[in-house]
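Scroll down for the structure; my scribbles are underneath it.
The first chain written gets the first letter, and so on, giving A, B, C and D; residue counts start at 1 in each chain.
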Amino acid sequence: MGKIVNGDNMNKIDLKNYQLRTDLIVETITTDKIKNKEQIVDNIKISEVSLTEEEAKLINKKKGNYITIEFDDVSDIDNKKKVESIFASNLKQLLKKNNITEDDKCLIVGLGNEKSTPDSLGPRTIDNILVTNHLFEIGGIEEGFRCVAAINPGVMGTTGIETSTIIKSLIEGIKPDFVIAIDALAASSISRVNKTIQLTDTGIHPGSGVTNSRKEISFETMNIPVIAIGIPTVVDAVTIVSDTIGYISKHFAYHIKNIDNKTNRLIPRNRINYLNSDSNITKEEKNILMGEIGKLTDNEIKELLFDVLTPIGSNLMVTPKEVDFVINDLSLVLSGGINKSLHKKLMN
Amino acid sequence: MGKIVNGDNMNKIDLKNYQLRTDLIVETITTDKIKNKEQIVDNIKISEVSLTEEEAKLINKKKGNYITIEFDDVSDIDNKKKVESIFASNLKQLLKKNNITEDDKCLIVGLGNEKSTPDSLGPRTIDNILVTNHLFEIGGIEEGFRCVAAINPGVMGTTGIETSTIIKSLIEGIKPDFVIAIDALAASSISRVNKTIQLTDTGIHPGSGVTNSRKEISFETMNIPVIAIGIPTVVDAVTIVSDTIGYISKHFAYHIKNIDNKTNRLIPRNRINYLNSDSNITKEEKNILMGEIGKLTDNEIKELLFDVLTPIGSNLMVTPKEVDFVINDLSLVLSGGINKSLHKKLMN
Amino acid sequence: MGKIVNGDNMNKIDLKNYQLRTDLIVETITTDKIKNKEQIVDNIKISEVSLTEEEAKLINKKKGNYITIEFDDVSDIDNKKKVESIFASNLKQLLKKNNITEDDKCLIVGLGNEKSTPDSLGPRTIDNILVTNHLFEIGGIEEGFRCVAAINPGVMGTTGIETSTIIKSLIEGIKPDFVIAIDALAASSISRVNKTIQLTDTGIHPGSGVTNSRKEISFETMNIPVIAIGIPTVVDAVTIVSDTIGYISKHFAYHIKNIDNKTNRLIPRNRINYLNSDSNITKEEKNILMGEIGKLTDNEIKELLFDVLTPIGSNLMVTPKEVDFVINDLSLVLSGGINKSLHKKLMN
Amino acid sequence: MGKIVNGDNMNKIDLKNYQLRTDLIVETITTDKIKNKEQIVDNIKISEVSLTEEEAKLINKKKGNYITIEFDDVSDIDNKKKVESIFASNLKQLLKKNNITEDDKCLIVGLGNEKSTPDSLGPRTIDNILVTNHLFEIGGIEEGFRCVAAINPGVMGTTGIETSTIIKSLIEGIKPDFVIAIDALAASSISRVNKTIQLTDTGIHPGSGVTNSRKEISFETMNIPVIAIGIPTVVDAVTIVSDTIGYISKHFAYHIKNIDNKTNRLIPRNRINYLNSDSNITKEEKNILMGEIGKLTDNEIKELLFDVLTPIGSNLMVTPKEVDFVINDLSLVLSGGINKSLHKKLMN
């Protein structure tokens, strides 16, 4: 059996076959060479990475700034305010890093399909954006407000037009100084679904999270800074399973170490959070536990799962069943934070 | 009293004060000089008018072709099909009159606010439009289909952008040969609300039906033919009242003539349809019936009503209470008819 | 002409033919015999009427308490809070008048059709009601909360069941001490649409506002107190026109009196609010102004308009075009106010 | 390591800890003792099981009839019609088995939360049910129609009332002869999500699919036959992972057997459907492949996954991202099929 995995035809499987469909930078960083500035405020974790050209190449990402905000829950009103506030100040910083001034004109784009709940994050965020461009045209807008326009371009299936073409045309028509693009993403970790906001100045591929990759919306294609804001709202079965295989290892590492921990015996096993432990499974233990599967690297496991689930139509892209309520809460966090970071008057 | 109406300060009221907020041509035609081709098919009335430059000036309209389709109800599936079919063939004719060929590329625009039911006709129609532009780009589309793209530009209140600017930008970006713009209109007759489709090649003012007039979308501004398709879904109180005053005259004319009609006495008065009668009220009768009000022209009555209702906030713009169901039905008639008239393959 | 109106066949028209489709008490009170306690707080007018058996007969209403809250606008957040607060304290009083104590169990019923925007006030209000009945069953609910259950029974067209039968069955099943029923009403005055909350302990007829009268929901049919809360969201064309005819009289009375008022000449005529004036038109002036129509009583005018508009299908029941936004705001006012008045803990 | 799994503290984990949250009978049947009548029509698989008291005990299910209809896709209109037709005739048969005659009065109940897309199957189905009960009350309904009423009881979170209490009260109030209850279920197999209709006469637990178990709706509690119709629309991570572990075994079994199959080398590995193969992995092969994990039974694997995923909040209950469109299609299949099976006039 081992031959199959390590043998001839297994070797033929190429890493490129497995398209990593994630837009989240955090989990991509597996090398110590890249500095990742982390801080935790109010139980919310903020990670900042600035990739130079060389670093970017190392992890197959684009050069630029990446900020990731990880939180637990925004259904609670207090939590929502905390996340919104941290998001707003990070967005403001990112604008500054891109030399965007307080008078620069902004076009906000809500990517995704309003009629498909897990994909409606962008359009729903637009619904609560404070637009002012039309007021600037007629004059008389109060001090402290920036010139902001917003659009929901729709999806190619209903417009018949590449989203990037629509954005490009509008940029030429209304001449903003920068673009903010909001989209729902595919997560590459089960634990981050609906619990992470990513900001980057490297741009975005509409639809890239889910199969069909549209043309990029970025500084390179639009000639003005493009700030992308994304939240992973879906995850595929390959990711769910490969994450779980990783968790099994950690779970066993913990329980091997704590086999004589008497307190644990009083707690139901499904309440013991083993993740915070620093115990690691040894190679031998992993081998006993999972056989040949245990010998595969993370990427090889993903490849294998892809080959197992795809041909039988089971590599579903899924979203948590509470999607309607979560998307509503998340879109309010985004629109609130964007409004505050764009209009000085609203940020106190 | 008459002095008030005809006297000094009444004279100051200018007809221009009262913006006729209707986009329906039919009711504007009060002169015999303009030829109005009418036919009735399956209880559906089709009126066609082609205004020359001079004729257009006469009635303060734009030169061009106007087609009006009047029907009773589209909640019934058979009626819906009949209206859709008549609408499709009239739209096809109008395209031909504008020298639009079967290979010309079309951009369809759904004007109005999707979140406001009576104003959502345009966006809802777009939902069911068969778009093909993206398929043309990758090749391989079947014979018999035209290149069609579609967009919901949103409303200025949520985009901050003049709708005409969005359309203009997209035209430059995707280079269609002609535009079809769909919008909900304000009716100038209570009897036509939700019961009339108007087609014209003279263009459209988004939002002009209701207070705030946006920049025109027409051949003049876009440099390609613009076919406007509208259905009146709202009507204002001035129109409801002035229409009713007209009906009162007709009602009395009928009952004066039929005062000895014994059959009528057996029918409840509120079931007698007096409109089909050709009896007219005389000037004297109208005077007795309505006093000084009876001496006013239709436009003077509208002016008066405007002065009465506006200052007390009662010139409501209203829509029939069944609006949700009606807009749904009407949008399906429009999308079905547009699909058939644009794609040869679908028109049988 | 006069003969027609006052003559033989006119006499046959009976007042009963014209069903007054209003549930608002205020405008019904045309007699001085009934005491109407009025107060104005924050520009919000509160009218209270308690009808004895005899008074009720006089105006063809039911014996009981009627509270009417008239306001201007609830799209503004401050106004919304004021109206909500006044509504809450009036509801609380009405509960007390009906000997409902703080521990009494409440069933709240949202009448109307959720799929029809102008009729969705009841169901949308239920969406934001704080229910506690299930928590009472398992114990452990905090002090200061009442036992509250809520239901949207749907409309007979989709359930096939009389709404009153559904409510009656639930009352027997869950044994509440009182019922609160919320519904959208038909206004009998154009100026009150979406601007009035009525509370009463006399019950409600689901659907009575618009043509089809369902069985009453009241103390008499349910054997427990029924508090009805309604907001008029629709109005018919007869009402719009008859109201306007009344306004025309007042408009002329004002302008006759102010014919030499030089200031007025500087103001556009459609900005002069003549309603606050106390000038009245004389019988002779009205006669000159409106001829025979001017001689009719209000009810005779409504009858006439009903006979004019009904046979031609033009007695539309309409709603202001902003219905989506207004219903949303109003339902939040109602749910907020109900929650506060029911749960001591929430009322500060 | 193996000690941990098979050792002392592992033994303490009880199978009862892992609540099998599936309502689908098919996958529960792992014993040959129960006869399962299967047939395949138009690529749609229909399985029928009738459990006697003893058989029911064996698999921890209720005595009664279970019909499972498995299909691939209902987004295609032809497929939709086929599934609807097969569903209708199976529902008709199940009614007959329960001695329900053509004149028996039916109450249809749409369980679930209309505001939560994956849980909205029941309420959305009710939207298109043909109700007649109100017409029966006024008389004059055409031959060939049954007396049908329908209700969306809502969910306990918004009503505060046990759903079973609402149904019970309505049964007492409107006295139907039988109940049809429709609900979204949790799948116990990734491949069956949105692709299976289950019918049973054993009743249903509203909400049992997802954590909170409400009181049963069944013959035992309602005293009249209860036909439950369910479609699994959600699945939990434990199921996704344990299914995948099973697929890995099958995948390897196939590839071991086909290691010299030259044709396969020409096909991308992720296109080879190994499931139809009858190759089975041996115990030894499984051991090599998956180590200790490979020695666990299916239930032990589920237990393990539950212990691994639950404490870290990762046992998500998920739904495919296309949920909005799929639920729409499925609800139309159910409402169409129910209408046909209930009203003789509609079944041709």
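Criterion: a contact is a pair of C-beta atoms (placed from the backbone, for glycine too) under 8 Å apart; a residue touches a chain by one contact, two chains touch by 3 or more.
Computed from a prediction, not measured in an experiment: that's the story for all the values here.
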Quiz prompt | Chains contacting each of chain C and chain D, listed by label | solution = none
Quiz item: Using mean CA coordinates as chain centres, what's the chain A-chain B distance in Å?
Solution: 47
Quiz item: So what's the Cα centroid distance for chain A and chain D, whole Å?
Solution: 33
Quiz prompt | Multi-chain contact sites of chain B, meaning residues that touch two or more partners | solution = 115
Self-check item: Every chain pair meeting the contact rule
Solution: A-B, A-D, B-C, C-D
Quiz item: Can you list the residues on chain B that touch chain C in the complex?
Solution: 1-2, 4, 9, 13, 17, 115-119, 190-191, 193, 210, 234-235, 237, 240-241, 243-244, 247-248, 251-252, 255-256, 259, 265, 268-275, 285, 287-294, 304-314, 316-325
Quiz item: Taking the complex as given, what residues does chain C use to touch chain D?
Solution: 115, 126-127, 129, 131-135, 137, 148-154, 156-162, 165-166, 168-170, 172-174
